[in-house]
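Naming follows writing order (A, B, C, D, E and F), and every chain is counted from residue 1.
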Amino acid sequence: MKKVEIITRTFKLDDIKAGLSEIGIKGMTVSEVKGFGRQGGHKEVYRGAEYQVDFVVKVKIEVVVEDARVADVIAAATKAARTGQVGDGKIFVIPVEEVVRIRTGETGDAAV
Amino acid sequence: MKKVEIITRTFKLDDIKAGLSEIGIKGMTVSEVKGFGRQGGHKEVYRGAEYQVDFVVKVKIEVVVEDARVADVIAAATKAARTGQVGDGKIFVIPVEEVVRIRTGETGDAAV
Amino acid sequence: MKKVEIITRTFKLDDIKAGLSEIGIKGMTVSEVKGFGRQGGHKEVYRGAEYQVDFVVKVKIEVVVEDARVADVIAAATKAARTGQVGDGKIFVIPVEEVVRIRTGETGDAAV
Amino acid sequence: MNAADTAFVLICAALVMFMTPGLGLFYGGMVRSKNVLATIMQSFILLGLVSILWAVAGYTLAFGKDIGGIIGNLDFLFLNGVGMDATGAPVSNIPHLAFMIYQCMFAVITPALITGAFAERMRFGGFLVFTTLWIFLVYAPMAHWVWGKGWMAQMGALDFAGGAVVHMSSAAAALAATVVMGKRKGYGHMPFIPHNLPMTVLGAAILWFGWFGFNAGSALAADGFAANAFVTTHLAAAAAALAWIFMEWRHSGKATTLGAASGAVAGLVAITPAAGFVTPMPAILIGLGGGVFCFLAVILKNKFGYDDSLDVVGVHGVGGTWGAIATGLFASINKATGLFYGNPSQLWIQLASVAATWAFCFTASLILFKLVDATIGLRASADEEDRGLDLSQHNETGYQA
Amino acid sequence: MNAADTAFVLICAALVMFMTPGLGLFYGGMVRSKNVLATIMQSFILLGLVSILWAVAGYTLAFGKDIGGIIGNLDFLFLNGVGMDATGAPVSNIPHLAFMIYQCMFAVITPALITGAFAERMRFGGFLVFTTLWIFLVYAPMAHWVWGKGWMAQMGALDFAGGAVVHMSSAAAALAATVVMGKRKGYGHMPFIPHNLPMTVLGAAILWFGWFGFNAGSALAADGFAANAFVTTHLAAAAAALAWIFMEWRHSGKATTLGAASGAVAGLVAITPAAGFVTPMPAILIGLGGGVFCFLAVILKNKFGYDDSLDVVGVHGVGGTWGAIATGLFASINKATGLFYGNPSQLWIQLASVAATWAFCFTASLILFKLVDATIGLRASADEEDRGLDLSQHNETGYQA
Amino acid sequence: MNAADTAFVLICAALVMFMTPGLGLFYGGMVRSKNVLATIMQSFILLGLVSILWAVAGYTLAFGKDIGGIIGNLDFLFLNGVGMDATGAPVSNIPHLAFMIYQCMFAVITPALITGAFAERMRFGGFLVFTTLWIFLVYAPMAHWVWGKGWMAQMGALDFAGGAVVHMSSAAAALAATVVMGKRKGYGHMPFIPHNLPMTVLGAAILWFGWFGFNAGSALAADGFAANAFVTTHLAAAAAALAWIFMEWRHSGKATTLGAASGAVAGLVAITPAAGFVTPMPAILIGLGGGVFCFLAVILKNKFGYDDSLDVVGVHGVGGTWGAIATGLFASINKATGLFYGNPSQLWIQLASVAATWAFCFTASLILFKLVDATIGLRASADEEDRGLDLSQHNETGYQA
C-alpha cells in the first residue's frame, strides 16, 4: 500500500476528484495547506506598510491505494492538475504498512 | 517508529484522545480535513441552485509511537471511534525513520 | 528521498523558512495543526463554565528532500525552532519512494 | 397628533426592529458553527412571521377594546380602522399606525428570545408552528393584560417596557422548552463553546443600541420621561456589565468579553419594567442587581444541569423578575411609587404580577410545546443534531473557507 | 421650517447612509472569500465617490430648475444656494441641505446595487469610471424625471421612494453588465457558494433597518404618511420573506436563511414605489408578490444561464417592476388612485414609466459599459480572477487565520 | 423645552453610543485573531465603566458650575439636580438628562480611541485603572475647558464636536502610551496583518453612521445648523476616503479597502471640530486634507518605527489637529469667522488651543501611564503576548472552527 500525496492548486480539486473517480478510486482525504516554492508569493499592503507573503494557498490530497494502482493515480492526478505554469505542485509517494477500516476492522487492501 | 494516522469523525476526537491517553500515549497532532468516501456528502441549496457537496468534515490524528505500541494504538483508536456506520474512517500506519525532540535534541524512542 | 515533518510553534514559521532557505531548500508545505503533548493546554471560561482545552495551535512544515540533506534540514529547523521550553515540538523523518513535479512530469531528485 | 413624538416613535420602532436580527447574532455567535444559520434564522424569520400574525389578528387581540380584562376584541382585525391619524389608538399624540407598528416590534422579538433555550436542537417546522400558537395564546393576552387595559393594568402592576410581557413570558416559555425537549446530544460530555464571540458582542451592541428605542420609546413621546428612561436604561446596562465581570473575576479569576456582553443584556432586561418609573441612581442599583443575580443564576444552571442552551431563564427570567420587583421597590416618578418611597402595596402588586406571569406563561407554553411535539415534532433527530441544523434544517452552511 | 420634520429627515438620511455598507456586507457574504473585500469595497467607496459627485453637480442636475422636463439646471452647482433654510428646496418644511443630503444617500446606494451583477470579476478602475459616468448620465436624469418635476412626474407616474429611480435603473444597468462582461470564470463548472452567510444576514438586517429611513423618510415629514409608509414597508418585507421561503420549501424541500434574507430584500424593493400610496393589507399582497416573483426570476436565471452573480435583475429588476405596477393597481391614499380603486389610467402610466425606465437605463448603461470596456477596461484577467479580486485589485486579503 | 430637539438629541445619543462597539470592531478586525476579543473588550467595557464614572462625578466635573475656568463644581454629583426638565442644563430646549447622557457617550468613546495605540499588549486590569484616572484627570477637565465654559471656551476656541476634547486628547494619550509601553513583541521582525478586514469595514460603517449623531447632534437642536453639520460631516468623510485611496494608489499602485475605511475615519475626525462652523465646500477641502495628512502620518510612523498599533496618533492626532486649524481657516457660519473670511485672530486662538491640548493631555497621560505601570502594571508579559490577550487576559478565544 502506498499513500499518494498530491499538493496542487485549490481550484483543481474538483477535476482531480473526477479524474480519480474515473479510475475507480473511492476514497481520499483533503486538507488546505500553504505552499512555498518557485511560484513565489504576492505583495499585501496594509496602511502603507508592504508585506511580502511567500505562501500560496494549496490543497493537499491524500489517497491510499494498492501498490499496483500508484502509477494510475499519478497519471490521473497529473493529467487533471497540470496547467504548465509554475506552481502546479508535487506528488509524493509514501509507503503505508497497514490500513484499517475502523467501521469493520478490515485491514489491508480490503480496507481501502 | 511508526506514524499512525487516524481519519475519523470530528466529534470522536475527545474520545480518541481519552482512549490513547489511557494506554499511555502522551502526544499527538490533530488537523481538520475533508474526506471523500462511501459515506457520500450532502445537498446544499443557495437561491434555488442545488450543489452536491461530496466532502465531509473529518479529523486527522497523527500519533508517532514505537513499533511495539502500534497495535495498541490501533485497538484503542478503533474502539473509541467506531460507530458502525459508514464514514467511521481509516487508520494508516506509516514508517518513521527518525524522530527528534526539538527542545532537547533527543532522538529515537526518547523523543516521542 | 525523505519527508521531514516539523511540528512546532506557529510564530517560529518565518524563522524556520529563513533557516531552510539559507541551506538552499526551495520548497515546503505548511499546515495549521493542533498539538497535544507535555506542554498542556489552557483553561477557557464561558458564562461561568470552565473548559480545559488540551490542544495548542501548532504549525506543521513538510519538506521533501534528498536523503543526503536530511541532517542539514533537521539541524537548521532545530536551530530556528528551539526555545528550550516545553512545547518546541518534534521532527519526524518519513521515507518517500517517489516524487513527481506535476508541471513537468520530472521525477526523483529533479522534481523537488 | 404631534410630529416630534411621531418622529421619535417611528425611529424607536426601527431601533426595536433592529434588535431582532441583533439577537440572532448574539445567539448565533454562541452556538457551534454548524448551527449558526439555524440560530440566526430563528430570530430573523420572526420578523416575517410574527409581523404578519400581528397585523392579521395579534394587534387586535392585544389592543382591541378590552373584553372582561382578558383579551382585546376584534375591532382591529386585519388592521381595520388602524389609520394615519390617532383615531382609536391608546394614545392621541401619534398616528395609530405608528403605535401599532411600534408594538409589532415587541411582539417580534419576544418569541425570538425563547429560541436561546432550545438552540442547536429544534426542528424548523415545529418552531414556526409553536411560535404562531404562542403569539396568539400567550403573547397577545399578556400584552393585553399589561398594556391593553387588561386585568394586570387594572390591578396597578407597573411594567414600563416589558419585564413581564417580554422577558418573563419568554423565559417561562424557555423553561418549558427545556423541560419538554431535554438536553442537547453530548451535553455534559463535550464542551459547547461559542464559535464566534465577536459576532455575539456585535449582537449585544445592536441590542443595547436598539434598547433605547425599546425603553425610551415606551414613553411614546419625546419628553422628559423618554430622556429619563433613556438614561436609566444606559446606566443599568453599564452597571450590570461591570457587575457581571466583577462576579466572574471573583469566581474564576478573569473578566470575560462574553461576560461583559451578557451582563449588559442582563442589565437591560432588569431595567426594562422600571425604566420610566425610577431615577438614575436606583437604575444603577437595579443594573448591579441584574448583573449579580443573572450571573449567579447562570452558574446555578450549570449545577442543576438543565440545558437552557443560551441562558434565557438565567438572563431574561431572573433579570425580568428582579426588574419587576425592583420597580416595586424603587418607583418614584411618572405617577408610580414603590416601597422605598413609601408605598409597600406596589411591591405586593408587582409580586402578584410576577407570579401570575410565570404561572400562566409556563403552563401555557408547556402545553403548546407538548402539543406541537406530539403532532408535528419539535426535536431534531440525533443524526440531524450531529450534522448540524444548518445542513439538516436548511441545506446550507454558514461559512466556506 | 419644522424641527420635527428636520429631525426625522436627518435621522432617516443617516439610516439610508447605513444601507450602503449594509449592502456591501449583504453582497460580500455571498461571494467567495477571495473576493470579499473587493465586493464590500464596491459599495463602501461609493459613499466617497458618489457623495462628492452629487455635491459637485449631481444634485443640481437632478433637482435644479427643470429644463424641458429633461434635466435640472446648474443653479445648485457646488451646492451653491443650498442652505440652512428651505430656500430653493422642493419642500418648505426642512432645510434645503437636509433635503439635498437625504437625496444624496439615494444616489450613493443606487450604483452600489449594480455591483452585485458583476461581482467577482470587475476591475476597480473601470468600476469607478463607469459609476462616475452613470451617476451623471443615468441616475441624475432618472431622479430628475421622477422626483425633480421632469417628464415622468408630469405624466403622473407614481414612484414613492425609488422603484424606477433606484431599483429598475440599477437592475437595467446590471443586465447590461452581464451582457457586456460575460460569465465568471468557471461558471457552470464549479460551485459558487456564499462564503459567509451570517455576514449576508447582517447585511440584510441593516438594509431592512435602513429601509425605514428610505421609505418612511420619503414622506419628508413625520406625519401619518410617514407612519403608513413605515408600516407598509415592514409588512411587505415580512410577507416577502415568508413567501420566498415557502416557494423554496415547495421547490427543494427546505427553507433557507439566505432565502429569508433574499425574500425580505425582494419585499422591500417591491414596496418601495408604493409605500406611501397603499394601505397595509395591499402592502402584504405586494410583499407576497415580491417574494414569489423574485424567487421565480432567480430560478429562471439559473435556467437561462446568464451570470448576474448576486441576482440584481432577479431581485431589484423584477421586484421594482412588480412594485411599480402594483402601485398602479393598489394606490388608494396620498392623492393617488390605482386600478383596483377605480382609476385604470394609473396602471397605464405606471406601465409606460416602467417601459421607459428599462429602455433608457438599459441602453444608456450598455453604451457606458462598452465605452469603459473599450477604453480602460472592465474585466479582470483570468489570472486576477483566480487569485481573487482582493489580492489582484487591492493587495489585501479579507481574513487571516 | 422642545420635543423635536429632544427627540433629535436622544436619537443622536443612541447613535453615538453605537460608535463605541463600532470602534471595537474597527480595531478588532485589525489585530491578530488571538487578540480580537481583548481589543473589542477594551471598547465595549468602557460603555460600562465610563458611563458609571460619568454619572457619579464625571459629568459634574465637566459641566458643573465653572470654578476659575478650570473645572466644574460638584453640584451634579451623582446626577443630583439633573432632571427631566431643562433646569440647570447648559441649554434650555432639552431635558437636562438628555444633555447629560448625550455628553456621556462622548466620554465613553474618547478613552476607547486610545486603545488602538496599545492594542495587543495591554493588561486588562491596568487598562481599567488608567481609564478611570484619565476620565477624571484628563477628559473631564478638557470637556470643561472647551464645552463647560472653561478657559478655552472663554478664550474663544472653536471645537464644535470634539477635535480637541475627543481626538487630540485621545491621540496625545496614545502617544504617551507608545512611549511608556514600547513595541509589541516581534515588531519589525514579523508582519502584523489584520485578521478580519470585513469586520473593520463594518466598524468603520458604524462609526460613520454614528458620527451623524456625534456631529449633527452637537447642534443640540433639529435645525439648519444640524443639517449643515450633517452635510459637512458626510462630505468630509467622503472626500477623505477618496483622498486616502488616491494617495495609496500613488504610493503603492493599488487602492485598498482598509485605506477607504481609514480615510473615511480620518475625514470624520478632521471635520469634527469644524462641522458646525463651515459650509459644505470647505468641508470637502477639510476632508481632502484629512485624508492626505493622515495617510502621510501613518506612512511616517512606519519610518519612525514607534508602535502605535492602530494609528491613533496618525488618524486622530493629525486629523484632529488639522481640523482644529482648518476651523480657524474656514469658519464662516454660526457666529464664527476664520482667517479666510477675514478673521486671522481665530487661527491664533485655534493654534493656542491645539498646543495647550497636546501639551496638557500628553503630559498628564504620560504621568498616569507611568503611575499605573509602576503600581499594578500595564504591559502583558511576553508569554501572555505570545498566547494572545484573549486567552491570557480573558480566558476566551474569539473563534472556533
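Note that in this section a contact is a pair of C-beta atoms (placed from the backbone, for glycine too) under 8 Å apart; a residue touches a chain by one contact, two chains touch by 3 or more.
Just so it is clear, the structure is predicted and the values come from calculations on it, not from any experiment.
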Overlap of the chain C and chain D neighbour lists contains B, F
Of A-E and A-F, pair with higher C-beta contact tally | A-F
Give the pair among C-D, A-E or A-F whose set of contact pairs overlaps with that of C-F by over half, matching residues by number.
-> A-E
Rounded to the nearest Å, the gap between Cα centres of chain D and chain E is 33
For chain A and chain D, what's the span in angstrom between their mean Cα positions?
-> 51
Cα centroid separation, chain A vs chain C, in Å, comes to 18
Which residues does chain D have that touch at least 2 chains other than itself?
-> 2-4, 7, 11, 193-194, 196, 202, 252, 254, 256, 258, 395-397, 401
What positions in chain C touch 2 or more of the other chains?
-> 31-32, 44-46, 94-95
By the touch definition up top, name every chain pair that qualifies.
-> A-B, A-C, A-E, A-F, B-C, B-D, B-E, C-D, C-F, D-E, D-F, E-F
Within their complex, state which residues of chain A touch chain C.
-> 2, 6-8, 31-38, 54-55, 58, 60, 70, 74, 77-78, 81-95
Chain B touches which residues of chain D in the complex?
-> 186, 189-190, 386-387, 391, 395-397
Which chain E residues qualify as touching chain F in the complex?
-> 1-4, 6-7, 10-11, 13-14, 17-18, 21-22, 24-25, 28, 36-38, 40-41, 44-45, 47-49, 51-52, 55, 78-79, 82-85, 94-95, 97-98, 100-101, 104, 124, 196, 199, 202, 390, 393-401
Considering the complex alone, what residue numbers of chain A touch chain F?
-> 44-51, 53
Interface with chain A, chain C side, in the complex: residues 3, 17, 26-31, 64, 94-103, 105, 111-112
